[in-house]
Amino acid sequence: MCGLDEARERFTVNNAKVAILMGSDSDLDVMNEAAQVLKDFGVAYEVKVLSAHRSPEDVREFVKAAGPRGVQVFICGAGGAAHLAGAVAAQTTLPVIGVPINSSPLNGLDALLATVQMPSGTPVATVAVGKSGAKNAALLACQILALSDKALPEKLDRYKEKLAEGIRKKNREIEKQNQS
Amino acid sequence: MCGLDEARERFTVNNAKVAILMGSDSDLDVMNEAAQVLKDFGVAYEVKVLSAHRSPEDVREFVKAAGPRGVQVFICGAGGAAHLAGAVAAQTTLPVIGVPINSSPLNGLDALLATVQMPSGTPVATVAVGKSGAKNAALLACQILALSDKALPEKLDRYKEKLAEGIRKKNREIEKQNQS
Amino acid sequence: MCGLDEARERFTVNNAKVAILMGSDSDLDVMNEAAQVLKDFGVAYEVKVLSAHRSPEDVREFVKAAGPRGVQVFICGAGGAAHLAGAVAAQTTLPVIGVPINSSPLNGLDALLATVQMPSGTPVATVAVGKSGAKNAALLACQILALSDKALPEKLDRYKEKLAEGIRKKNREIEKQNQS
Amino acid sequence: MCGLDEARERFTVNNAKVAILMGSDSDLDVMNEAAQVLKDFGVAYEVKVLSAHRSPEDVREFVKAAGPRGVQVFICGAGGAAHLAGAVAAQTTLPVIGVPINSSPLNGLDALLATVQMPSGTPVATVAVGKSGAKNAALLACQILALSDKALPEKLDRYKEKLAEGIRKKNREIEKQNQS
Amino acid sequence: MCGLDEARERFTVNNAKVAILMGSDSDLDVMNEAAQVLKDFGVAYEVKVLSAHRSPEDVREFVKAAGPRGVQVFICGAGGAAHLAGAVAAQTTLPVIGVPINSSPLNGLDALLATVQMPSGTPVATVAVGKSGAKNAALLACQILALSDKALPEKLDRYKEKLAEGIRKKNREIEKQNQS
Amino acid sequence: MCGLDEARERFTVNNAKVAILMGSDSDLDVMNEAAQVLKDFGVAYEVKVLSAHRSPEDVREFVKAAGPRGVQVFICGAGGAAHLAGAVAAQTTLPVIGVPINSSPLNGLDALLATVQMPSGTPVATVAVGKSGAKNAALLACQILALSDKALPEKLDRYKEKLAEGIRKKNREIEKQNQS
Amino acid sequence: MCGLDEARERFTVNNAKVAILMGSDSDLDVMNEAAQVLKDFGVAYEVKVLSAHRSPEDVREFVKAAGPRGVQVFICGAGGAAHLAGAVAAQTTLPVIGVPINSSPLNGLDALLATVQMPSGTPVATVAVGKSGAKNAALLACQILALSDKALPEKLDRYKEKLAEGIRKKNREIEKQNQS
Amino acid sequence: MCGLDEARERFTVNNAKVAILMGSDSDLDVMNEAAQVLKDFGVAYEVKVLSAHRSPEDVREFVKAAGPRGVQVFICGAGGAAHLAGAVAAQTTLPVIGVPINSSPLNGLDALLATVQMPSGTPVATVAVGKSGAKNAALLACQILALSDKALPEKLDRYKEKLAEGIRKKNREIEKQNQS
C-alpha cells in the first residue's frame, strides 16, 4: 500500500485509542459531545474532519494508518447521505460507531438510514441522531475498550450509578418544590 | 497512483462509454433494465459488481481507470445504505447516476435517501427507486452522451415519439374494447 | 409548432448553456447557489421563474426554444408537488436536473418524491433537498458539459482538489486550537 | 391555439361529463373502479390514457378541447411522481380530482404527496391512494355535478342510505352467526 | 330529525354558498387564506369553529341545516387526527374539501393522512397541508360553483391569467436586476 | 335526545361490558383477536360493524345507548383515515380504545396517526397496528375493568405469569434442540 | 420480592391514584399538562422522574410498590426510543398510559412508534405526541377511574359540555368581530 | 441482589462469550444468521428467548448473571416497539448490539427507531433491519472481541478478503456469461 508512511506522519498526533471523525467541521458542535465523554473517562482520542466524498483518499489512508498507531475504535459523525462510517468500516475490521447528524432539511432520517442500513459483511454500530447519539457513541467506545482495559469497567459502573443517582436527586428536588 | 496499471489490465473489457455498476449480483435483475436500454440505443457499456463496502479498493481502482479507458458516465445501483454511487462520485468528476434499489425491508426509502442526499461538492444524479429508475438511468446517460455524440439526439427524439405513440395506440385499443 | 418564434424572441437573453428554472421567485435564495457555482466555473447561464402549474405554456415554449438557442442542460428547482423538472423533461431530450426545495411544512420530502420518482421514459437527475442540492445541480451540469467542453475537466479537478485541501486546512486549524 | 380542431376530432367520443384519465394503461385496473361508479350513477364518462411526461402535448390538447365538448370534471390517476392531475389542472379551471396510485416500491406515498401538495393557485382535489380513492373520485365528481344536475342529488342520497343499510345488514348477519 | 329548526336559527347567518369550518380557533390564521380568496371572487361564505370531537352534535346540526340554507360546498380545516372533513362528509352529499393543518409536532403528515385516506363511499377532496392548501380549497370551491354560476368561469380564467402574468413580471424584474 | 329508545331496542343484545366496534366487516379477522381474549377472560362483549362515515347516526345512537346498557369500555378498529375511535370518543366519557388496522396501501401508518393524534379534550387509548393491537386492546379493557371487577386482577396476574412461563418453555425447547 | 419494603418507604408520598412518570426532568414541561388536568378533576397524583434506562431498578421497585399503595393508573411520558411506558407495563397489570414526547430531532415519530407498537400481551394505551397527549392522558386516566369513582362521571360530563360550550363561545366572538 | 444464584444456575449453559437474545421465538429465523456467523468464527455463544415485556425479571437476572459467567457482548433482536436491547443495556455496562426486526406491518421502521434512538447514558449499537442486520451484529461482536482475542483479527481480515474475492468471482462469472 503506497502512501501509508506519509499518512502515518501526517496524522500521527498522540496515543489515541479512539478516533472521532466527522464529515464536515460544521459537525464539530455535535461531535464535541463525544470528545467530552472520552475526556471524562480518561480515554485518549483524536478529532479529525474527513469526508467520504470530498477527501476519500485521506479517509482511506487515515484508517489504514490508525490501527497500527493504536486506534481501537472509530466514531464517525455525518449528516445527509451519511457515508463516512460506512467508508471507514469498508477499510478496517476495527469496530466503527456511526453518529447520524440532523444537518439536512429531512431532520436526520436520511443520515440515520444511510448509516444504519449497511449490507451484510460490513457492520456500523449506529447510535441515535444528534447530540445524544454522539455522547452515547463515546460511551459505547468505552464499553468496548473496557473489555481489555482494566480501569474502565469500574468507571462505567460509577457512571451508571451516577445516572441513577442523578434521577433520584431530581425527584428530591421535585418533592421539595411541591412541599414549599 | 500505484496499482493503476494493474487495474487497467484487470478491468479493460471493451470501449464502454457507460459503466453499469451494482453493489451486489442480486441487483442484476434491476440493473439489466439499464443495460437493455443502452443496447437499444447502441451505446457501448460494461457491467460490474463492485461494492463500496466489500471491495472499496476495486471501486477506487476501477473508477480511476475507467475515465482514461473512455468511460464517460457511471450508473450505480445499490440498496439499503446505498453508498456505491457516492463512493464512485468521490473518485471522479465524470457524471455519476445513482439507482436506489428496494432490496431491504424499508422498501427503498433507505436507498433513495442514502443516494440522493449527497453533501455539496459531490453530486449524484439520482433516479427513481427500482426498475423504472434503472431504465431512466440509462436514458439519462444517453441524454448526457448525446451532447457530444451526433447519432444519439435523433434516437432520443424517436424514442420520445414512440412513447407518445405507444400511449395513443393504447387509447385506440381501449376505444375498440369499448365499442365491441 | 406555433408560437415558437415569439418564444425565442421573448426569452433569448444570452448564450446560456445552462438554464436555471424555478417554480416561484421565493425559490431564488436556494437556486442562487446553483448560479454562483456556474459563475465560478465560467459557464454561461440564465435564470427564469417558470411554473409547471401557473405558466405551463411558458414552460413549454421556453424549453422548446432553449435547445435551438444553445441551452444544453436544465436545472429546475421546485417545492411541494414539485413538477417543474418533470414538465421540462417531458418537453426535451436534453438532460434535466431537479432540485427539491423544502418550502412546504413536510420539509421537502414531498418535493423529493415528486421530483425523483419519475416513470420510465422521462428521467430527471435529482439532487439533494435544498441549498446543497442546488449547488450540486450546478456541479453536475458542469460535469455533463465537461464531456464536450475542453476547459471544464481541469476546473472540475481543481475544484475537487480544493475540497480535499479545504478539509486538510480545517484539520490544521483544529490541531492548532487543541495545542493552544 | 393551433392544433385544437385536430384535437377535438381525435378525442371527441361522446357526451362525456367526466373524463377519467390515467398515466399508464397499467392503472386501468384501479381506475375502472371510478368508471363503474359513474356507470352506476348514469353519468356519461370517457376513459383515456394520457401521460404528463410521455404525451404532454396530448394532455394539453385533450384538456383544452374537453371543456368546450362538455366535460365538467377531470379524474386523473397516476403513480410515482404523479404529475398528471397537476398537469391537467394547469390547463383548465374545471375541477380536477387526483387519484394517487400505489404502483411504485414506495407504496403510493410518493404519488400521494406528488398529487396533493400543489402550490397555491392550482388546486387538485386529492382522494385516497388506490382503489378506494378511485371509487371516491367518481363519487366526488357526482357530488360536484349534482349541484347543477337535478337527477343526481337523490341518487347520492339513496347511495348514502344504502351504505348505512349495508352495514346494518352485516350486523344482522353477524348476530345470526353468533346465535347459530 | 329533531333539533334541526333550532340549529337553523342558531347558525343562519347569511346567504353563504361556502361554509369554512375549522376544528379550533387556532386554525383561523390558516383558514383566513380561504376566506380571502372567496372574498376576492365575490362568493358568499361563512366561517365557523366546529370540532368533530368536542362539538359533534353541532357539526351534525350545522351540516344538516347548511344544505337547505343554500351552502353548496364545505371547506374543513383541521390538524392532528383531522376528522372534521370526514365527519362533515358523513353527514352530507355536498362536496367537502379538506385542508390538513400542520399544528402538531408531526408537521401535518398526520392531518394529511387522516383527511385524505377516506374509505370508499365518503370522499373528501383533500388539498395541500397549510396555507397553500387553504387558498387552493377556496379556489377549488370556486371551480365547483363555476359549473352552475355564470359569473365565476370568467373570473377563474382571469385569475389564471394573472398567475401567469405575475410570473412573467417577476422574470422582467429579475432581468432588470441582472442588467443593473 | 330523540331516537334513543329505538336505538336501545335495536342494539340491546346482552350484558356486554365491552363493545368491540369496527369500521368494516373486512376488519373482523383482526378484531376477532380482541373477542377471543375477552372470551378467555370471561368478560361479556358484543361485536358491531359501525362506520363513522357510512353510518354516523348509528354510531351516535349506539354509543349513547351503550353506556346506560352497561358497556364500560369501547374497542374500535378501523383502517385508513381511521375515525371510528375518535367519533365514539366524541360521544362518550367512557374509555375508548383504538386499534389501527393496516388495510390501506400505506401499511397502517395512516390508521395509526388518524387514531392516536387526537386533539386535547377527547382521548383515544391507541394500541399497536393490526392483530397484536387488537389482542392488546382487549387486555387493556380487562385491566381497566379489573379496577372494579374483583375477579379480573387475579386472572391478569395468571395471564402475565403464563406469558413469562411460555418464554421459559420455549428456551427449554431450544436447549433440547441444541443438545440433540 | 426483596427490596420492596425499602421501596415502599422511599416512594410513599401520598394517596395518589395516578402516578405521572417521565424519563427525564426535561419532560416536566410537557407532563405538567397531565398534572394540571388531574388537579382540576380533584384526582390525587404523584410526579416522578424514572428512567427505563438510567434507573431500571427504581422503575421496577416503584411500580411494584405503587399498586399496593393505591395507585390505579400509570401515565408515562418519554421521548426518543421511549421505553418507559413499556417497562412499567411489563411490571404491572394496572392500566398504563404512554405519552410520546417530541424531544429528539425526529419530531416524536420515534417516541410514538416506540410507545404504541407493543407486542401482544403487554398493552400501553398511547395518546398523541406532546402536550395534547399529556392532557389527554390525564383525561383518559379520569375516564378509567370514573368506572369506580362516583364523583368523576359527572365531572367528565361537565368537562365535555364545557368543551362544546367553549367552541360556541368562540363562534360568537368571531361573529361579533365580523359585525364590527 | 436476590435471586442471582438461582439465575446463574438456571441459565449457565456454556462458556459463551456472546449472548444472542430475542424477544420472541418467531425471531429465531432472523437471529440464526447471527448464530451462524459466530459459529463460523469459532466464538462461543448462547441463544435465549427473553422478552423485555413478558419476562422482564428473567431479562434482568440473565443479564446480571451473564457478565460474571463470561459473556462479553449481547446481541438483542426484537420487532415493533423493540425494547429488548435497551432493557439489556439498562442492566449492564457491557456492549449491547440491537437488531431491529421487521415483524410488524410498519416494515421494521418502528423496531429501528425503538432500538436506535436511545437517550444519552445508555447506548445500543444498532445494525440494519432484518437478516443483514443479524449477520452484521455477529460480525460487530467479533470485531469487539477481537480487541482482546488474538485469534480473531486474522479471521476478520480473511473474512474481509473473502468478501472482496467473492465479488471478483461474480464479475468473472458475469464476463463468462457475456462471452458465451
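Order of writing sets the labels: A, B, C, D, E, F, G and H. Residues in every chain begin at 1.
FYI, a contact is a pair of C-beta atoms (placed from the backbone, for glycine too) under 8 Å apart; a residue touches a chain by one contact, two chains touch by 3 or more.
Remember, it's a predicted structure, so these values are computed and weren't measured experimentally.
Asks: Work out which chains are contact partners of both chain A and chain D.
Replies: Touches both chain A and chain D: B, C.
Asks: By the touch rule set out at the top, what is the minimum number of steps from chain B to chain H?
Replies: 1
Asks: Determine, among E-F, C-D or B-H, the equivalent of interface A-C; equivalence here requires over half of the contact pairs to be the same by residue number.
Replies: Residue-number overlap above half with A-C among E-F, C-D or B-H: B-H.
Asks: Can you check how far apart chain B and chain D are, centre to centre, with Cα atoms defining each centre and the answer in Å?
Replies: About 35 Å, centre to centre.
Asks: What whole-number Å value describes the gap between the mean CA coordinates of chain A and chain H?
Replies: 20
Asks: Return the distance between the CA-based centres of chain C and chain H, expressed in whole Å.
Replies: 45
Asks: Touching two or more other chains, which residues of chain C qualify?
Replies: Residue numbers touching two or more other chains: 51, 54, 80-81, 104, 106-107, 109, 112, 116-119, 121-122, 124, 128-129, 132, 160, 163.
Asks: Any two chains that touch count here, so list every such pair.
Replies: Listed by label, chains in contact pair as A-B, A-C, A-G, A-H, B-C, B-D, B-H, C-D, C-E, D-E, D-F, E-F, E-G, F-G, F-H, G-H.
Asks: What does chain A use to touch chain B in their complex?
Replies: Chain A residues touching chain B: 2-3, 23-24, 51-54, 56, 60, 79-83, 86-87, 89-91, 104, 106, 109-111, 113-119, 121-122, 124.
Asks: Where on chain F is chain H touching in the complex?
Replies: It comes out as residues 102, 107-109, 112, 128-130, 132, 160, 163-164, 166-168, 170-171, 174-175, 178.
Asks: Okay, in this complex, where on chain C does chain B touch?
Replies: Interface residues on chain C, with respect to chain B: 33, 72, 93-95, 97, 112, 116-129, 131-132, 135-137, 139-140, 143-148, 153, 156-157, 159-160, 163.
Asks: Per the contact definition, I'd like the list of chain C residues that touch chain E in the complex.
Replies: Answer in residue numbers: 13, 25, 28, 47-51, 54-55, 57-58, 80-81, 104-107.
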